[in-house]
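Have a look at this one before I ask anything.
Chain nomenclature is as follows: A, B, C and D, assigned in order of appearance, with residue numbering initiated at 1 for each chain independently.
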Amino acid sequence: MGMIGGGTGSFIGDVHRKAVAIDGMIELVCGAFSSSAEKSIASGKALLLPEERCYGTYAEMILKEAALPEEERMDFVAIVTPNHMHFEPAKMALEHGFHVVCDKPITLTLEEALALKKVVEQSGKRFALTHNYTGNSLVKQARAMVAKGDLGTIRKVQIQYLQGWLSTAVETTNNKQAAWRVDPKRSGIGGALGDIGTHAENLMEYITGLKIEELAADLGRFGDGRILDDDGNLLLRLENGAKGTLSISQIALGEENNLAIKVYGTKGSLEWHQENPNKLTTHWLDEPMKVYTPNGNGLYPECLQVSRIPAGHPEGYLEAFATIYKNFANHLLADLNGEIIENPDYPTAADGLRGVQFIYAAVASDNNNAAWTKM
Amino acid sequence: MGMIGGGTGSFIGDVHRKAVAIDGMIELVCGAFSSSAEKSIASGKALLLPEERCYGTYAEMILKEAALPEEERMDFVAIVTPNHMHFEPAKMALEHGFHVVCDKPITLTLEEALALKKVVEQSGKRFALTHNYTGNSLVKQARAMVAKGDLGTIRKVQIQYLQGWLSTAVETTNNKQAAWRVDPKRSGIGGALGDIGTHAENLMEYITGLKIEELAADLGRFGDGRILDDDGNLLLRLENGAKGTLSISQIALGEENNLAIKVYGTKGSLEWHQENPNKLTTHWLDEPMKVYTPNGNGLYPECLQVSRIPAGHPEGYLEAFATIYKNFANHLLADLNGEIIENPDYPTAADGLRGVQFIYAAVASDNNNAAWTKM
Amino acid sequence: MGMIGGGTGSFIGDVHRKAVAIDGMIELVCGAFSSSAEKSIASGKALLLPEERCYGTYAEMILKEAALPEEERMDFVAIVTPNHMHFEPAKMALEHGFHVVCDKPITLTLEEALALKKVVEQSGKRFALTHNYTGNSLVKQARAMVAKGDLGTIRKVQIQYLQGWLSTAVETTNNKQAAWRVDPKRSGIGGALGDIGTHAENLMEYITGLKIEELAADLGRFGDGRILDDDGNLLLRLENGAKGTLSISQIALGEENNLAIKVYGTKGSLEWHQENPNKLTTHWLDEPMKVYTPNGNGLYPECLQVSRIPAGHPEGYLEAFATIYKNFANHLLADLNGEIIENPDYPTAADGLRGVQFIYAAVASDNNNAAWTKM
Amino acid sequence: MGMIGGGTGSFIGDVHRKAVAIDGMIELVCGAFSSSAEKSIASGKALLLPEERCYGTYAEMILKEAALPEEERMDFVAIVTPNHMHFEPAKMALEHGFHVVCDKPITLTLEEALALKKVVEQSGKRFALTHNYTGNSLVKQARAMVAKGDLGTIRKVQIQYLQGWLSTAVETTNNKQAAWRVDPKRSGIGGALGDIGTHAENLMEYITGLKIEELAADLGRFGDGRILDDDGNLLLRLENGAKGTLSISQIALGEENNLAIKVYGTKGSLEWHQENPNKLTTHWLDEPMKVYTPNGNGLYPECLQVSRIPAGHPEGYLEAFATIYKNFANHLLADLNGEIIENPDYPTAADGLRGVQFIYAAVASDNNNAAWTKM
């Protein structure tokens, strides 16, 4: 794996590195960790990489790695830059024969997302988007329960992804994470929408297997001078007639990383909270509430195969993240071995496109006073 | 107290009776418990009332009681009938000199609500609406915290009132409670909206002190053949620029009586759940999460004076209900003693009118594809 | 019902009155609320009792009530005094033909407990002890699950009753509740043991149906100058070979009223917490965790018949207390009607005797450096 | 790092490998993963190690690695075998100049523990014991709060470590994990005592900074034919006069990995649960309950420096485990750089000795009918 972005001090670059390390399937072999060659090299050294594989630019990395013998060069790139720096490196990597793992949202604009999806298809390379929350074992259980019909027909969903860290003007206090997220040039047309809204949208569609048909979005820009949304309340209509709400915020003071979902069907319902991910609560027409835990009783294989440690030993954010990488790595291995994996279980460019469509639909709806907008 | 409705087997009549009994301030002295005189008398007897004060109709009760000597006759009536039977008895009671306690929603129609509010004003009598959830001690604490500015400016609210008991067609199974609630003739134009939505609306306005300015409502009618909403997702805009969601359902399978609210301000936030009412969770800009319990540390007098028993001794639904009655009774006592209570703390006809306006605005919005509608 | 003790300002007297009021089966008709005739009358008046039935002493009350015509006089007395004032009034009431409801622990001393049990038996009158926590509907469910063998053979129990209100020397601050509880003359040889330990012991034996065979107790007297225990850690051995711990405290700072129990069997286990009484958590060999709620799915009739209101409408401390009185009242009614109730479901003098035996065994063990002591 | 034990299919070996990978400071370079050379090599290959560094025995590994040039050979060994295989490899590694990380309990017997502690001291090498739960960031916070006196004088502790996986005779069902744990030859004189009791003992002493002075232990051997304890209830007396309970079980059906602790002082109290490790609940004399989360508000540096990811992103079992290794690695680095770390924060041989003393004291007490036994 070669990394683009994620230099020393980066939050998400470190997360990717820790996550891939857990399962021992992937090794970081090179990187262009910063647009400054100097910083990139310093970061690479701190990561114990050989200096010759700490590149000054992603372009340099892609070209030089492509020139290495096959068994030496990186197998794929991981792109962990702000949104405006996803498309070009991803395209270039794919076109030079490298698989790609990319942070969400997939690109800065809808045009880019459409274009990148095509590039992926034409390249024949694998592409994974790190919607990491779908890597939780109990999210797999939830998805399996819906898919097998345990919950009956889905009627109502509630999704929220609430944070409070932008409650004050932290973007003016030398907080790099905040600065680029409130900047349309680096984030795109969505603020919270892109940063966390796409996770919420993706998680909901992943668990329910249902697509959002149309949405009505009322966005907030509560922080002084903010151009992008830092809050949003959405009504959802799903393809099967189900309805729901999706609420996001980065000014929900006190909320840390409160991604949560409830799904109500005609036979059962379920509830999952990211902040306590080792618990899946379910209700049933004629039975008491049942609570599932990773590696506990009553789970489907889709869930069991994801847990790494026995029941009662909590897995968290990094482990879920790692599962995305593990499934991606297994796909690459299968390709190498000439095996076919029917439905490789990690988010793809198609999911990424939906995410950007979600951002665009929500912004369009908001611009139109929360009118219903097709996604 | 004389009761209208609430005969044997009624859910809410029994709740009112148990609730008033707790504080020992109010005595049930008569009733017209059913539109059938026979049933009314049977119910009254079961309640150990003298037969002569078990009336066949509410009109009979009001007239006969009014004819009794002042120290013998009931002081007020409690109306616990389905919605279509609120207006007439309330009006008649008020016009015959009786105070009134009435179940929500205040009336079947907006016209009636407007008219009844006027009747109350003209009568000079007291009128309480049993939005019982505002009787919880920690709801008082929440309201006080917002009022005192502890949370700063409110930016976002999330309210939900979710039940699942209408997930199947229970109205066809001899379930009286369900039957009238899905019947427009007895419920009015709102189903879940009137039954639980008004509680949610009232609780939010009570805690935040902010009025809903406009709303966008997407209602569901998921049960086969249902005319009235059994589900609803609403966007809210409050008078101060805050935004939010309000979600209600009676087809949220597995939910029992999940009324919950979150309020986010610029300095703090709070969260309260009716099903575990003895816990108020708060977050702060620079301090750890604080959790308040009835009669625990750090509470305002508004909260402390409501708790009946020491910290750790849970109070529940009936106790909150009782608080509405207690505050109402204290108001009547103050009147008797010529004392003035500045802001008597129980829901009034004005709150009732807002509830019906909420129902009407939501139905109008829904009829207009969830267009923004002033409340 | 006539009340002994519980004058204005009393905690537990008010609890008893509120509790009996809920179900409307019992009416307070007289009282000797204080050892001061003046205070007793003032208290009675505040409770709207006729002055002639506010007695100056319990003896006067028992004698004068006994002299009233049967249909006028009180049916039973409720004794809500400190421990040293249980035996004499109970004995006198029983011997004058009145049933008795009495607070726990049943008496100040073991001799009194043995004697009172005999008095009850000889009198032919009914006697109830207010181990109120057994009145919770989910405690009934727990007991039923064990009794029906759902949990298999019980192997391990954990019981705790933790409070923190005696963490500081509140008995020196004009706190009447604290003052008598730390005073051996009014409390007996057990402090926390009698006040809350007996509840814990009773709840455990009630749910498991198993008696404590022997115990080893290490008591603490942490408060300056305290003679009686304000903390205790006990090992338990039950009659069937199960083992466990019982921990009590009134100096567990921050704990409000944390009575909780876990029971582990060979086929299942259960957990219940008084502070959130509307939830019973269970685990099973081959099934996921199941959580039961009052009036929810999957309950036994023993539980269902106790709940007063629909699922999701929380019942609390007063309601559980009321259940003890309701079951007692139903027993009296059955007696009046010549019906026989096989196992009337409220704590009796035999339970009271066990409670005092528990206190004595624990104190004896503690005096012997926590040596095993038969109960 | 070279690993002893932990071949394919091992639980804890994999945990160690995943844990060390997270922080990227430690690399697995060799191993003697099994007493079968063939299995060892197969395991090493699966871990992508070069065949020449997959050794057939730990002795071979230690000798051959010691013969490698300093910059090539492993820096330390990680011993992840059953208890009976701790002492010899640890001793040999230390005596051949390797630092050691070892699973708990440190050795099979007290004699070995005493001897190994001496070997460590004489070797001048570093030794870490993987009491992994002390690696949780909120455990650091808890320890810091006690150390700084926030809780005042500690009066009471409650510790439990409850599991249910030995509720049935799984040791007869080809379950390797169970088989050695119930076998005195491989586990030593303690069953649950050694496997989980030592964790509980260590966690309590780590958080409170207080040593157990004496204990009274009532052990259970509930599984058919079990020689070693699978359950235990203990009374504790701490060096400062505090008292408490410690309860362990592997037959507490339904419990997964329920390690939990409560500590009560004169000014505050705290509560932490391993299964939801991202929450530390505290109570205070005059303030409401405060709940701390990793990287949330109000934390001490001792806690903050342990968290890897922002608040709300849950860390779990592996991350806590990783912290032990990280602190150990930092100590080795400091040594290399000639820096001195005053109180390196990981469990040592002294902690290991205390753990074995705990096992011995508990077994001795149990053999003496739970008599108080000095630790």
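The rule we apply is simple: contacts are C-beta pairs under 8 Å (C-beta built on N, C-alpha and C of every residue); 3 or more make two chains touch, one makes a residue touch a chain.
Since the model is a prediction, treat every value here as computed from it, not as a measurement.
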In how few steps can one go from chain A to chain C if every step must land on a touching chain? 1
Select the chain at the greatest separation from chain C, using centres from the mean of Cα atoms. A
From the C-alpha centre of chain A to that of chain D, how far is it in Å? 34
Centroid distance [mean C-alpha coordinates] between chain B and chain A, Å: 43
Going by the contact rule already set, what residues in chain C reach two or more other chains? 255, 284-285, 289, 293, 296
Help me check something: in the complex, which residues belonging to chain D touch chain A? 11, 14-15, 17-18, 21-24, 47-48, 163, 165, 255-258, 274-278, 293, 296, 308-319
In their complex, what parts of chain D are in touch with chain C? 155-156, 158, 160, 164, 167-168, 216, 218, 220, 222, 231, 233, 235-237, 243-245, 247, 249, 251-255, 262, 264-269, 282-285, 289, 369-370, 372
Per the touch rule, the chain C residues reaching chain A in their complex are 284-293, 296-298
